[in-house]
Every structure is written in structure tokens, then in C-alpha cells.
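Please read through the structure below; I'll follow up with questions.
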């Protein structure tokens, strides 16, 4: 056979599971989008179409929903760990499971009460509005022995309206850009960080707290860095997380430079004193880098932040 | 000529203007997407291509940016009023101007200070994260005499995890749906409300406060209504606004019923006690209606909420 | 009651039905996205939540799929007519039905045969690739007596690389645009045309042929018009259809001016002789107009082309 | 320093360049979306914000447009090769350049002539309609010595309405799927193939012809394979290309299984004889695999097809 099969994986993608937990009248929501990818002894299904080793993707979908009942959803990470362990442990041909999860967060609707025809405000503990900022992500990979947990977020839009400069760069024959000593710096943060938890023997991180803290440090570093380049801001965001969170060893960012161009108002006899900007769509700068704890080998794929 | 020209309008759409206002170290952001549509004596440009009456769309774009400097952006509504008045007043062939605006809101990044290399937290008053919930909208129309202001919002996702039923409906030969006595009710609110301010003689509403209050009443009504149908919830949301805000006479909603189907876990020997749901994409129920102050003629187009 | 209910409608939106018709080994595909909106005697469901007059949206979904079997899908228009008639005729409280349909077209995959392990090329009459250009649309409205059929298309991207000028326009204090005597003209056509067939007594148009011809005339008019403004091109496209197709009385267009800006290459010592363009995203000009047969009252909503 | 910088890259993404070539009255279009990513000696800009080694992303944008004039756009691959060579050769700190390109294809508008007011059909050689099927892609990577060219396509929707089965799979406690002996098989092809051309010494492939042939073989294999699993179809598509095109050594696919579920019409007294399908959105099966020439080391990243 002149051609052979290389790496392959399969499963059901984007299972939209919502879990409601009732604590008396107070309800809690977990809203996930779960994608399963399995690999292992799958040559035959590619070469001959024999499905003898294939657990149907439909079954992986059913398992997601059943596990939401059987194990609950404590965190996206913990839920992914349950799923990955199950597929690798229960099916001999399956050697590796990769579970990707997006999480959408909801907050309670504040009610002032008193004006309802039906119920009092005190009883309204089941009403939610989607928070709408970043999408939280995690990817759990398990090969039967070692765990890899890469969590993160995407679509978190941030902006500094000052404390950003850009000058002193290389100029070649195609350079026309003017140096900037006070510019807007805006980006949509996409970040993925890898936990150093890899073994069932070790104590698991507190996934919920770790996420909140990583997010907080990242935002603070963005806000507090006086920036001479988006690369410098990126590095500050990454090193702040690595330095603050011992459970995280590596982080990769993909940061578009969402250009806000100062509009030339002089043709209209007006002076634009860093007030009026045009928010451009395309093209945009794109800055991508990994920040690592010293001595650690990188594992996050270079393109992962685009996924 | 066997064919004639009917209603027509033109202008520059989606001008993305960001206005930074500096109050000492404390900055404020207005982030708008402004679309201009002008109509009037425009037969010639359609029939013969003569542009003698045509103010270029490029000029309407320039005007948006210049006005952000000249008038500032107090509110999307006030900004649209400045623009519409200008086009109708300054160009004889232009009889009507319609300005549509989307607004994206930003909130400040909280910083704890102390760990910055460059600046203290107290100085961080120029850093923002996009709020990310609904998109605020307004549409200003002006014909030189009368104003029409239709504001609203879209993409505000809400969910009640209980206090929703659906039963007692018509059953025909194609009906298979089972009645529900405790279901999830979820939607993405798209709402447009019309102000009764129409004349420069009258006092303008406080656009910012009115928006916040309309949004609040709508969310509270959603949360506090024990719902027997999404139509009932819609009507409660609308009448709450009309009853609470004397400046608003009419509101139209377009509410998808974002189905959350209870997953059948019985094949796996599990009981699903209103815990595990599949959040479906398509198809979805779509409920649309206008709620009016009694005695008022409706003006909001039936399809406007889809725009 | 200080508030009242205005216009309202409900139904299941975006039912994705695919119909395969087998003519021996030769298969045919119809791929539709069908949205149902019903209105009538629906006050109670809004005021009190009583569903006594409400045919569930789930039933309207079932009806779409059942009718694909019972009536087949001869054309999107004919299918919508079957559905609208059914809802209005079979349910007393329903007075009006509006069926909106999007159609995606597929073409056969050409095969050269001979190299298949399993089957010969002659037998491959069941393999399709999505055509991928415009999305065809129709909207059928029926009130039990009169029909309104508004068909059209959207997302048909076209470009003339020359034979377009723009000059002689109004100049005010905000005008900076330079006149153009040879520019690129590009747009994404969104068009909706209304048929003058309104009664079961009259003979129905051939919907498939009429669509193909309207599309053809529109494209030819775009290509053949030497354009002094996009408005002029629009009018030519519309009048060509009205003049060529007696079954169509009115057409509305929404045409973004997809700007292709000539890039200034002089800083690099290069001359750009109408060769290198930057294709911009936002803002864009937006030209909208109705073209009518003389003496006809317009019925297509001004904003319909945005739907 | 407890944290260090890992892999990093930067540049201007999504430069939308359109090149018109005039061959007398006959025009030709190349419509590209070009993204530049550069890496090399970039530690300082991350650690201290010094831009001394940084060629601005704005300059990389200018270079894209200037090169469209200087070199023309013979093919996306050839254009990317010019760009990558330039950045690595002309800037000492830049060690590697990666150019990603999307290409959108256009076809001529057929005109029948005779009914134009301005010009005859014979002259209409400058009017185009976007083809609208797949987006063609390429990625050129150059480190000053070796080339890597990975081309492909995405968003090519295909469907077989028969000759697909799925049975004989593993059944566990979560399996409910019924076996299928005649099902619809539909997917949106995303494929990336690697050329074995790596050196300036070797003769370059004919990029345009190679693309057309790879696409053709892939479509034919999809159509001609009697499928027992989507994996089997995928492997046939890949091996057909490898076997037919000696310049291609490796191909990776990401194929969603776009489920078309047979609708149960029995509740309505109807038999669904493989006629009426519901086209589902989410979840979907996702099948991904690499097919290689025997003896070749894989280089295409496992996740690349998602980019």
C-alpha cells in the first residue's frame, strides 16, 4: 500500500449540555459545550470501513449527558477528567481521549421585588442573565497514565486608552508608520495555560479558584503595564500568572492588536487631541507568544490559541 | 418609462467611532457603530447617474467622526439627533435622515495595585474590559419637523430554570409535543421601544437613565413572571416598561424560544429530575409582538426587531 | 388596562428540511430552511397565558417535515403555499400565515469514472457539492383570501473591475473624497421581488424559471451597465427585471458598496495603475431602493432586504 | 528571572489585497487575504519593550500591497514565497516567516448581449461573480534554507444521498444508536496537503494545476466511495490525492459529520422511505486524520485543519 494512515481522532463535537442544580429554591447553572475526540486502534475503520473498534460518536454524546447526571458538573475541568478517564478505561481500543470544553457563565438577575403579580422577589433565585464576557475553555487529555490540562479563555476584549507607546522600531523601504507616544491599546485576549498536575497521585488544583485568579492577574497586568509594545504587555500578563499561580507552568497568548486609529480632523479645522478614534476591523496586528516557568519544556501547541 | 423609482435611501453604514473623554486621569469611553441613511430628491442619480444632489457617503462618514469632536457623545440618542439634524438642515435635497447606532459598553478593570512595575493602582483609570452583554441600539429619524426615536437592545440572553409551564394548547394531527409543567425558559431578548418625544419644543428624555430603567424593568419582569407561555412573559416585559416609563409609548419584542430539552436518561437507568438539558440551536420558537400604551398608534415596523 | 397588545406572530423558525427524490439511480435534492409565523386570535395567550388558541410551534415544525413527504418540494414557493394554506384553513384562530424560506442549491459532482473500487462513474448520480453562491429566499403570506409572494436572493457577490465612475457630487465642509473616473464597483446583492400573482383563480408563475430568469437579468444588467453611481446600477438591475418578467411588479435592493480602495504605492516608488486594491470591511456605503412597474403600489417593506 | 519567553511570532493578519490584471479589455482577478507571522530575535521587545529588532506590522502590510505590484500574483503559493523570502532575507533579526493566505475565486458573469444601453456583450470582460464554494488556503514557511508549503481548502460542502452505511460498531451501556444501511453522508471538507518541494534547487510544482487536480481527485473519491464509515471515505479521499499527485506527500482532513436525521413520520401515518431529513447543527461527529505517502514523516500539525 503506497499510502498509510497517520494520526487520527474522532468523536462527537459541540455537545451543548446545561446542568441545573437545585439547592432548595436557589438554582445553579453550568452551561457547557463539550467536544470528545478519541484515538487508538482505529486502522481498520479507515482502511476497510470495519467499525468493530468504533464506539459511535452518538454514544460519546450520550455519555456526556449521562455523566452530567451521574457525576454532576463541579467544574469544566473535573467534568472533562471524568469523561476522559471513562473512554480510555472502558474501551480497549481507545488509547487517548481529548475532551474540549467551552463554558458560558451566567449571573443572577437582580430583582427589586414588590411589583410582581405572581411571586415575591425573595423567591426569584432561578433567573439568570448570561454574563457575556469571555468564553472559558479547557482541554483535558488522558492516555491512561498521564493527564494534561490546558485551560484558558477567549474573546475577552480589553482596552487601555493611554499609557501605550510605539516607537524606535526598524524602518525599511516599505515603512510609512509614524511613531506614537500616546496610543490606544486594545485586544481580544485568547489565552491557554497548562497546569502542572499530571497524575492521579498528586492533589488536583482548585479549578474554579485557579481560573478566577488567573483571569484577575491577567487583567491587572494588562491594566497596570505601561506599554512600549503589545509584546511587552503580553509578557507581563503571562509572567504575572506564572509568578502568582504555582499550579500553572506555561501560558500561550494570541493577541490581535485591535487598531484604534486617530482620525485626521484637520481638513475640517478641528484638532484631535487623542479623542476621536476609528476602530478598524482588518488588517490587524497579531502577537502570539508562550511564557514559561524557567526550566519547563513547552507543551502547548503554537497554534492552539487559534482553536 | 415603464418602471419607476420607489422609496430609496443611501449613506455610509457601520462607522466605528470610539470617543475617549479625559477627566484628568480618569478616562471615559463611548464605543459606537453609526449608520447613516439619507433620502430626498434622489431621482436623477438613479435614472441618469447624475450625482448633483448626492452628498457622498464618504462625507457622511467624515461627519460622524467630526461630530464626535464637535459635539461629543453624550448618549447614542443625542449623537444621532445632532447628525440627523445636520444632514436635513444643511443639504436642500435631503429631506429625511435616519441614523442607526449600536453601542458597546465597557466597564473599568478592577486593580488591586502594588504589584506593578510602572504605576500604582490608584492611577489605573484608563483600563477597560468590554461588558459583553447586550448591544444597545437606537434609531433616530428626522424629516425636518418631527423626530422619531426608537431605542432598544439585542442579544441579551436570559434564562429561568423553573416557573415556566406549557400546556392546554391546540392539538391537531401533527401534534406530538408532550405538555410541560416545569420547563426551562430561555431567550435572547431583542427589544425596540419608541419614545413619545417628537418635537424640539418638548423636553428631551434623559436617554441614559431611560435606557437603564427600561432594561431593569424588562429583566425584572422576565425574572418575576410565572410563565404559562413565552407570549405571556413577553407581554409582562412590555407592559412593565410602558407602565413604569412615561416617556415610552410602544415596545416591540422578538424573542426566540431557546429550547432546552430534558434529556431522556432512562435508557441508561438514570432519572432526569429536571437536571440535565440539551440546549438546541435550530429550529427554535420565535415569538414577536408589540405592546402599546392604550390609545397609541403603533409605529415600530413589525420586522424592525430583526434588524 | 393601560397597555394593550399590538401586532403579534409566532411559530417555529429555521426548520432545516432536506428532501431527497429518487428517480431510479438519479437523486435530486431540495435543501430548505423554513420559518413559520402565524397570527390571529392570540390575545389570551399574551394576557393570561391561556394556550387554548395556540397550535404549538413544535406542531408547525412537524407539519413542515410531514408536508415535505405529503406534497414534495416542487419549489420553495409552492412548498410555502401548501404550508400557509394549511395553517390558515385548518385552525380557526389563525388568520394569517407567513412562511419564510431560504434555499441552498447543490450541483452534481462530476466524476471521470474508472478508478473507483466499488462503483463505476456512470452510477454516481447521488453525489453533490453545494453551489455556494447566493441564498435563494421566498416569503409567502396568506390571509385566507389573498396571496403575497416575495422572492429573492442574498449574498450574491459581484464585481466590475472597470466601467464605473463617481464624480460631480455635492461638496460640503466635511467632503474630502477625490473624484474617480475608473473605479472598482463591488457589492453583495440582496434583492426581493414581488409577484403579481395573488389569487387561486389566477395561473401561478413557474417559480423555478422565474427565479433563474430574474437572477440572469440582474447579473447581466450589473455587468452591462456603465456606472456613474451604484444607484444607477441598482436602477438598471431592477428595471431590467420588471421589463423582462411580466409576473414581477416590484423589486427592492439593498446593495452595500464594497469599497476597493486603490492603494497608494508612491511612498515605495511604485505607480498603481488601477492594479492593487485594498478590500475594506467597514464602513461601507449602503444603497437601498425600490423599483416598480409604473402605476403599481409598493408593498415590499423598506427594511425587508435586511432580513 | 523565574519566567522566560517561549515560541513567539508577530505580524499583520488578514491583509485583503485584490489584484486586477488587464489583458486588453479582458480583466483577471486575484482576491487574497494575506497574514504575515515573523519570528526571530525578539526577546527584547517582550522583556523590555525595545522595538529595535521589530519591523512594524504596518510595514508588513505595506509590503503585501507593494509586492502585489512588484511581483504580481501568479498564485497564492508563489506570492507567499516572494513575501517569506523577502522578510527573512532583508531583516537580520527575522529568522522565520510564515505567510498564510486565503483565496476567494471569481468567475465571469455570462452576458447574452444586445439589451445593454451602453455596451455590447462582447465588451463585458470585466464583470465577475464570486464562485462561492470552497476557500482555498496556503501556508508558506521559510527559515532561510528550507521551504514548507501546506496548501488546501475549507468550507467545501458535499453530500452523498445514498451509498453510505454505518453498522457493526461497539455497543456499550450508553449506546442507543440504531444501525443504518442507507444513510445520507454529508460533510464540509477542510483539507491541508503538504508539498514535497522544499528547496530553491528543486523545480517548483505548478501550484494552480496541482490545486485543481487535488480538488478534483478529492471530490471524485468522495463521490465514488461506497462508504461504511466517514473514516473510510476520508482515507479514500486522501489516498486518491497521494496516489495521483507525486508532488504531495501528506494530507490532513477535518471532516464534520453533518448529520441528516431521517424524520420519524409514523405519528402522522406517513412512511419515510429515505426521503425527508432533518439537517442538524450541533452536535456533529468530527473525523480527523492524516494520510501519508508510505515512508514519509508527518509534518502537518494535528490541529491545523481547524485554523
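To keep things simple, chains are lettered A, B, C and D as they appear, and every chain counts its residues starting from 1.
The rule we apply is simple: contacts are C-beta pairs under 8 Å (C-beta built on N, C-alpha and C of every residue); 3 or more make two chains touch, one makes a residue touch a chain.
It should be emphasised that the depicted structure is a prediction, and the values quoted were computed from it without experimental measurement.
Looking at chain A and chain B, the chains in contact with each of them are C, D. Taken over every residue number at the interface, the positions common to chain A and chain D amount to over half, indicating a same-residue contact. When you average the Cα atoms of each chain and compare centres, the chain farthest from chain A turns out to be C.
Across the two candidate interfaces, C-D and B-C, the one carrying more C-beta contacts is B-C. The distance from the centre of chain B to the centre of chain D, each centre being the mean of the chain's C-alpha atoms, comes to 37 Å. Averaged Cα coordinates give chain B a centre that lies 25 Å from the centre of chain C.
Centre-to-centre separation between chain C and chain D, using Cα means, comes to 28 Å.
Shared contact sites, meaning residues of chain C that touch two or more other chains, fall at 15-16, 62, 66, 174, 176, 267-268, 281-282. Contacts between chains leave no pair untouched here, as each chain touches all the others. Residue ranges on chain D touching chain B, taken from their complex, read 173-174, 176, 267-268, 281-282.
Chain A contributes residues 15-22, 27, 29, 31, 62, 65-66, 68-70, 106, 109-113, 115-119, 121, 124, 126-134, 156-163, 184, 219-220, 222-226, 236, 240, 260, 263, 265, 267-268, 270, 272, 274-281 to its touches with chain B in the complex. Within the complex, the chain D residues that touch chain A are 1-16, 35, 37, 42, 45-59, 61-63, 66, 90-91, 93, 166-172, 174-177, 227-229, 231-232, 234-235, 238-239, 242-243, 250, 252, 256-257, 282-294, 298, 301-304, 306-307.
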